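Input: structures, listed below.
What follows is subunit A paired twice: with subunit B in the first complex and subunit C in the second.
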Partner chain A sequence: MNALVIDFALVWESLPAMLNGLWTTMLVTIIVLVLGLIFCIPLTLARMSSNRVFALPAAFFVMFFRGAPLLILLYLVYYGFGQIEALRDGPLWFIFGSAFACAVIGLTLNHLAFMVDVVRGSLEAVPAGLSEASNSLGIAPRDTFRYIQLPLAMRYGIKAYQNEVVMLTKGTAVISVITIIDLTAVANEVFERTYDPFTPMLTVAAFYWVLVNVMRLGFRRLESHLNRHHAAEDARRNEKPVKTIGSLLFHPSSWLKAKRSMLVARKEHAL
Partner chain B sequence: MEISSAEFWGYVRQIGGGAVVTMQLFVAGFSLALALGTVIGIITLSRNVVIQAVWRVYSSIIMGVPSLLVIFLLYYGGSAILTGLFGMSRSIDVTPFGAGLTALTIVYAAYVAELLHGAVRNLPKGQFEACAALNLSAFRAWRHVILPQVARLAFPGLVNIWLIVLKDTPLVSLAGLNDLVANAKIAAGATNEPFVFFIAASLFFIVFSALTMPLAARIEVRFNRGLARVNT
Partner chain C sequence: MTGVAPPQNEPSLSSSIAVSMKGVEKWYGKFRALNGIDLEVRRGEKIVVCGPSGSGKSTLIRCINRLEPHDEGSIIVNGIELDGSPTTTQDVRIEVGMVFQQFNLFPHLTIMENCTLAPRLARGATVEAAERLARRFLDRVQIGDQAHKYPSQLSGGQQQRVAIARALCMEPRIMLFDEPTSSLDPEMIKEVLQVMEDLTDDGLTMICVTHEMGFARRVANRCIFMDKGEIVEAGPADSFFEAPRSERLKTFLSQVLH
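Moving on to the complex of A and B:
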């Protein structure tokens, strides 16, 4: 038996199931991302608040859901919700009782805890002088936040956000343990049916790889769009040959390099 | 369901045994990833085309694929890979621990190597030029000049990887390892008390990482002692 060969007939046969799994994985990821974006700003403001009534619970939230492994969180939500009688007898049980909702809740709690630090880090990176200046111009604090701090923080934080999104996408592989048929679950199913150790795992790995790299490319586009006013200066600063798409795709560290020079440029601008 | 305290402590002892397995896997996995990643990182600084191509493919795959898949691949396909690599006629059994350890090592070695590249790039060029000017051999240059500084620069990132590996270790229970999480799940199912056991299990991870943070801070201070301000 040649051990390291992919059985393409099996790949073709299991393709529909895998595409279904991919759709589930993407759906969960997108829902969690949207929920994360909705809730991260109020939670971060609570965390940064000088009022302890808000700051302490938010700090505990972040500590617990950041520190606990995702697998345990999913078990906790999935097996734990059924134990809460108010929830089980309540009108919303059709939501909390489904495995899909449990996966979304578990992932969102974890994702939110990381998002708080991402948002906080980028908000703190906005030079204090800017908000002071806008204060002294008589701009209301709310408008200062919306029109000055938030747009800048988005530019500063996009790299960290990209890392978190990629981590979340890869983390969704775990939701197969609470009976959700995502990409990893499909691979396991095919393995258990055929006992082919390589074909399903490698095919699914390829799907994940493409998904993650499409996201990275998207973030790259978004970042160059957000930083478009620096484009001319950046080009002048690092007069290097333009990288081809191929080399970018294959080497994440080349992106890091690009990011770093951008970061340096950014710092100088801030000064 | 009410459980007697004897029964409860029995489960706690079992979970404690699982925690030992988890810690062994975590410490072994992190140490091997650190060692292998450092070696890979140094080798892949070379500009050799073949080395660069292999490194790019390896790091891109590892960073684009969930570690859970790598664990499954090595667990299901481990004995076939070993037979294929060494051409042994009899099949070798791959334990969940072995597969998990190999997977954690392979995955996080890539992250350590990437971290080392970043740290070396941040090192002033003069350090390398000075080594060349003093005619230090490559080994001595790395051992006495470059690596100590790289360790200082890479340490915060290494603490990050330490925490990520800690949170990835329970994934190996899905390959059948009888670790902390697997035992907590058994206890939760048998007693119908999921909150008690799963919160206890997550607190174990949280407390462990909280305990290592002061240690990390002290090590960082020590690494930075050459740059510290003079106490006046």
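Moving on to the complex of A and C:
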């Protein structure tokens, strides 16, 4: 073993397999996110409905799948459903027989259960007065939801959603237990072949890190686009005497201050 | 009652009554917010509603466009009885504009978009037609040059004037004002009241919850004093302020006029 923890030759050699694994991880993540976005709105509306026929099943869904451990859920979907003969011989076996589809189902159920409360909290944060104003203008409830409540809820909920997306992305690592060769599975394979734990694990960790941070940058752009109605206000609020780069670099306390004022601005955005 | 002649050009088919409330009651759980309200508002009449906080003034005008459903009695607005069905509620809301204490402008839309949204969605107006209309009313409240800005970039008084223009863009026959100046700084109250006074020439029916007694004297055909969910006293502005009949109104006026 050389002095370095990471064997770059091994990294280079396993790179194609890792990129394949990364692709699988990204594919699963994107499919689950899209399914989550499609289903979370109707499910949240059912959860918030005053009609118990809708509200109770939705509440039960959230309670069950938020509490169910993801790993166990995946085992149940992939290995459990295979034990049911009717399902095995039925028309839907092409779904339940596929490890990839089972992974997507398990992750989506889990992701949705968390999304419902993210969306619900954001919708409830929209001031009632704005819906009232919209209603009083003769805008139909459906349009009020589409043009007022939903766009504002997106702005309030985007931080919580970003957390949920990051957790999901890293959480997809568990699908390696049901035979899917994702990024984590590739690392594990390389480790088992070479008995070098550091090189493959640190490499995939770097891949995950980059993936998550690319997402973060995307969210930042999206957020500043959504919050453009605050832009002019912030410019006014943040007017400060000009500082030279030197004074900024040599006084670490100014870093803290800058960071703090950014945090404050963020918080005000959220309101 | 008032000595004001009803506005001209009244369609002969429709009655001269804009809002008619009979025996209206409203409960919040066990609390009775409105207690047997009987009120008739004629077309073009300007009415000021005042009273101590919690007296039911806001609830009263919020019942008129069914932001609050009433529990007993009947409310007829422009000949349409509010029976709770979505279509009648919608019909009434298109005819009735409302201005709120907290402005309630849509923060994610520009001033122009705030004003054009309802005509486009509820009346099916084209973007150009809606913008022409919005431009007209924004100019009227003297805010036309700010149309591209977002609400957070305007002062409170400017925001409230936009809220008035936004309601006017639906060209309502009746305007409801729910304490429109109560959350404004003193120097901004005047500009909003000025805009409201300008509207009185239009033959609009106005029902205004306010504590601006000077405004009430200048504009109101009739003042209504509410307490504990009841209309205690109603009358022309002059006699209302100079010679209140009920003890409760006397007490209230002595607390408000200082």
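Observations
One rule holds for everything that comes next: the second predicted complex is superposed on the first by the 232 of 271 C-alpha atoms of A that agree within 3 Å, B and C clash if a C-alpha of one lies under 4 Å from a C-alpha of the other, contacts with A are read in each partner's own complex, and residues count from 1 in each chain.
Just so it is clear, a contact is a pair of C-beta atoms (placed from the backbone, for glycine too) under 8 Å apart; a residue touches a chain by one contact, two chains touch by 3 or more.
Not measured: the values here are computed from a predicted model.
When the two complexes are superposed, the chain touching more residues of subunit A, out of subunit B and subunit C, is B. Within the superposed three-chain model, A:T108 lies out of touch with both subunit B and subunit C [touch as defined at top]. Look at A:S14: by the touch rule set out above, it reaches neither subunit B nor subunit C.
Of the two partner chains placed by the overlay, only subunit C lies in contact with A:P151; subunit B stays clear of it. Of the two partner chains, subunit C is the only one touched by A:E132; subunit B is not.
Once the two complexes are laid over each other on the shared chain, residue contacts for A:D143 go to subunit C alone; subunit B is not touched. Of the two partner chains placed by superposition, A:S122 touches none, neither subunit B nor subunit C.
Of the residues of subunit A, not a single one touches subunit B in one of the two structures and subunit C in the other.
Residues 56-57, 59-61, 63-69, 72-73, 76-77, 80-81, 83-84, 114, 117-118, 121, 166-171, 173-174, 181, 184-185, 188-189, 192-195, 198-199, 201-202, 205-206, 209-210 of subunit B touch subunit A in their complex. Interface residues of subunit A, counted against subunit C in their complex, comprise 127, 129-130, 132-141, 143, 147-148, 151-152, 155, 226, 229-230, 232-233.
Subunit A meets subunit B in the complex at residues 1-4, 63-64, 67-73, 75-76, 79-80, 83, 166, 170-174, 177, 184, 187-188, 191, 197-198, 201-202, 204-205, 208-209, 212-213, 249-253, 256-257.
By the touch rule above, subunit C contacts subunit A in their complex via residues 65, 67, 86, 90, 93-94, 96-98, 100, 102, 104-110, 117-118, 121-123, 149-153, 163, 166-167, 170.
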